[in-house]
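Next up: some structures, all given as structure tokens.
Each of the next two complexes has subunit A plus one other chain: subunit B in the first, subunit C in the second.
Presenting the complex of A and B:
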């Protein structure tokens, strides 16, 4: 499998700006790191590249959570089409470590499963490839939180693929909090395959990294499923953040909601692309897409593209996107009441992001997001 | 439904403008080479610079690849099988007045309802420059326009009469290397329209061109150039119908608009080319590059389009908002029925300060039609206080059609305010029930709801077109239910 994927990767290479999916996100820095590794470790598929990982995975190991067994090749690449994801091909060839979370049928896990991935100094020497596999059984419920942090100042590249199988009637809350240092390169693909009547809620927060790219994809394999993708991004300095969301409605009675907000400042760039495809047989599909951006500097840039492809008439689909700055009237109102300008701006930013945080079901995740964003507490002390 | 038979009858209605007029055409044999380009240029008696420009475009075209990104499907086009020039034979002795126009031609126009002769009175409102195939045959009310200093003539005439304007402006908005079909057009365009409005003049009437594709197997390569000098104002109408034909016809036009300081251009299109039959056989490929350049401060360009015809419509009338305070507008209704496909939308490039743009797009899909909106709103760093509002709604009639939206929004200035809204839905059952409960049959109820859906766009059309557009929509939608 690795050999095959490696061959495919060497043939097609990294995507370029000519690829529609990568139109706004250049991978020059990633290419440079790969080149460097080629010189250091050898540009071939060898043990040195696949055995060792310098990302420390911290989690409480128990019967549900363990390391992925990479010898068992049958478990990989079931939730997405490899041909469409060049970075997942690279990951398949070189994957080094990751967690496997398996929740049996009829099990409710009350405590959140927290996995903290910390990059150390050595991670700069080669690309880091993580593969997480999550399987939620029939009628089961769980909450999984991934935190990405760095314990190094060096630039490194981490390429992550998550495969999520949500069983029939299951309920999964999937959380990503990305707070790496400002020179990290982070690419992550989250591929969700949902069985009938399952509910998946994906909450993402991207704050760190020089380049952060997320592909979050929901694939409804049976009727009656619902997927919520809710997230926030904050980019400043020379950061580049890119979210690509995708939901394929191939079955009737499915529902998606995509709600993202972001604040972009300095020379940063934010890219947002949400796509919902409603296939001919997907009766009574409901989809909602919303993306709002605050652009705070003249050197920053936002490229947003909420896409809809609808091949059926019995659906409800809407989307909206806005790009703007802080409301001048609101700012005036606050400053007229004796609040300092900086404080007032802070309040408005908080309010802007709070609208997204309020959509999150779990109070615990809400609090995590608020802390990560350094937001002041609201009146309820949350 | 009680009147099923009637609906079937309407549904199977043949394209009512589908007829072929028997006029001898003087065409070039099919094929494309440098010689074809030279031959067209020679036939048109063109100055050196134009031939060179055509050749440059042709050579560049050879290096380009056919674009594959639009959301449409069609068999590959054999560019060697197309005849690149066809003109009614009477070109050698151009008619001096309407009386000299080939009577066969006039009959064609009568069938189309274009009033050239008997309705000269009515045509007093609209000056019609009728393009029959690739050569303009008659232009009405030239004198009245001349009085105002307006130049409104066929492109080839303009080349002879005011080559300096052509040299200055041709290709300045859509360069020959812009895209595949623009390059092809630049190399082989046969004719088109030319409008020049001098400084401070408000064009005394609405200008109008009727395009008509006639000779079988002829690609139509129109070139339209509208120049509005400082403080001028012009409203330009373009309407199209085409006769029935089995082979697909390629239409790759280029339209360039230039609005200088304080000028306003309003460009309206009603496109009703042959859409192909129920199974998608035949029909026109409409691959058009339309772009307006708000070059001066306070200028305004407004595009209004009603697209009901063509097997494939693929066009993005765009505005480059270069001047400060310039305004761009785009109002569109695109309807796809049966096997029609449309990938249309607009581009608004904000460069100047305080520029604003509005996009209202209504897509209607019925039968097995596929309708895509693809738009770009780009705010460059220099565009302080730019504003954009976009609304693109889609209506789906039937469960085999598709409606798609691909809006690109690129913002690089913090003072920009822009919003995009879109919704896709079918005709609500409540609305239908309400109308039918009041005694309307299904077909009428749908037609009424669809008209309401498009009203925002229709009200932007000039009066003459608004009525036509509404009728067109009704005809095109007939037979989509039941």
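Presenting the complex of A and C:
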């Protein structure tokens, strides 16, 4: 499997800016790292097989959470089409570490399962490949939190693929908090396959890394499922953050909600591309897509494209995107009451992001997001 | 206490204030009336420090300190309050925490500790009653979805909490029914004191039936063209602005 994937990768290479799905995502830094590493180790493929990733995975191991068994090749690449994801091909060839979370049927896990992925100094100038596999059994419920952090200041590239199987009538809250240092390169594909009447809530926050690209995809394998994708991004300096969301409605009675907001400052760039396709057989589909951006400087840039393709009449679908600046009248209003300009700006930024955080079910996840964003203030002032 | 000396200001290069002078003693209420486009709101905004206006000449002195040297928030902290003509809606900023942040900013400047949460709640609740405002508006976002009258009551509530030295009411009466007008006026009157002054900007005389001014000035084309006592407002009501402009 690895050999085959490596062959495929060496043939097709990394996507280029000519590739529609990657045209806004500059991968030259990734390419440079890969090339250098290959020259250094001479046979990156053999290296990967024998060595664990230098991304340290911290979690409480128990009967539900284990390291992925990479010898068991039957468990990989079932929740997405490999041909559509060149970075997943690379990951298939070189994957080194990851967690396997398996929740049996009829099981409710009350405590959140927290996986902290920390890049250490040994990861410097290297590519790291993680593969996480999550299986939620029938009628089961769990909350899984992935935190990505850096314990090094050197550049590295981490390429992650998550495969999520949500069983019938299951409920999963899936959380990503990406707070790596500003020179990290982070690419992550989250591929969700949902059985009938399952609920998946994906909450993502990205504020670190030089390049952060997320592909979050929901595949509704049967009727009656719901997938919420709620997220926030912050980019400053020369950061590039990139979310590609996708939901294909091929089954009836499924619901998608995509709500992302981002703040972009300095010379940073954000890309938001969300696609919902409602096929002819997908009766009573419901889809809602919203993306709002705040630009804090003249040199910051946002490319937002919520795409909705509907091939059916009996659906409810809405989409919208905005790009704006801090409201000058609101700023004056706050300062005219004695609040310092910097503090007033912070209040408005916080207010902008709070609208997304309020959509998160879990109070604990809300608090994690607020902390990550430096929002300490009690929201209600009570 | 508050003095404006030969104030000239431009917007986009066009002069809108053409030499305004005012002298307001402590405890006085001055009304500024005038037709639309005469510069009334500009005057309020320039005093409060809104962006977009260029002061080309003159001074604005509060207790001898030139406000024009200060940022908008610094002016507020030394006691300037502008009740806005069009209070802006600020989604996501809770009305109560905004009020608290504003009050604490003032207390900090005065070297006082942050207000006790319990005391604050009680104070605010009593003032909410005073302006006859629905209490749940405190827990909503600032002005978001408020009716016109609720927005104006919210302005007066902020004024009551912040207890300014110089309060400027920019057409606070516009869009208010008679009940709301009286409530707003009562709020203002309750704050009247020997060390506090008011500038009441209005298009109509009716507010001045409730907030009785010590002086009335008529602004036309960026200049004060006539000053007098409260009877001037009544004359204006009868004769129209054509009478002073002519």
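Quick note on the criterion: the second predicted complex is superposed on the first by the 371 of 382 C-alpha atoms of A that agree within 3 Å, B and C clash if a C-alpha of one lies under 4 Å from a C-alpha of the other, contacts with A are read in each partner's own complex, and residues count from 1 in each chain.
Everything below uses one rule, namely that a residue touches a chain if its C-beta (ideal position, glycine included) is under 8 Å from a C-beta of that chain, and two chains touch if they have at least 3 such contacts.
As the structure is a computational prediction, the values presented were derived from the model and not from experiment.
Of the two partner chains placed by superposition, only subunit B is touched by A:319; subunit C is not. When both complexes are overlaid on chain A, the residue A:332 reaches subunit C alone and has no touch with subunit B.
Applying the stated contact rule after C-alpha superposition, one finds that A:266 touches neither subunit B nor subunit C.
By the touch criterion stated above, A:307 is placed in contact with subunit B alone, subunit C being left untouched. Residues of subunit C touching subunit A in their complex: 48-51, 71-73, 75-77, 81-82, 84, 87-88, 90-94, 96-102, 105-106, 109, 117, 121, 139, 141-142, 158, 162.
Residues 327-330, 332-341, 343-344, 347-348, 350-352, 354-355, 377-382 of subunit A are the ones touching subunit C in the complex. Residues of subunit A touching subunit B in their complex: 20, 280, 293, 295-325. Residue ranges of subunit B in contact with subunit A, taken from their complex: 69, 379, 381, 394, 396-426.
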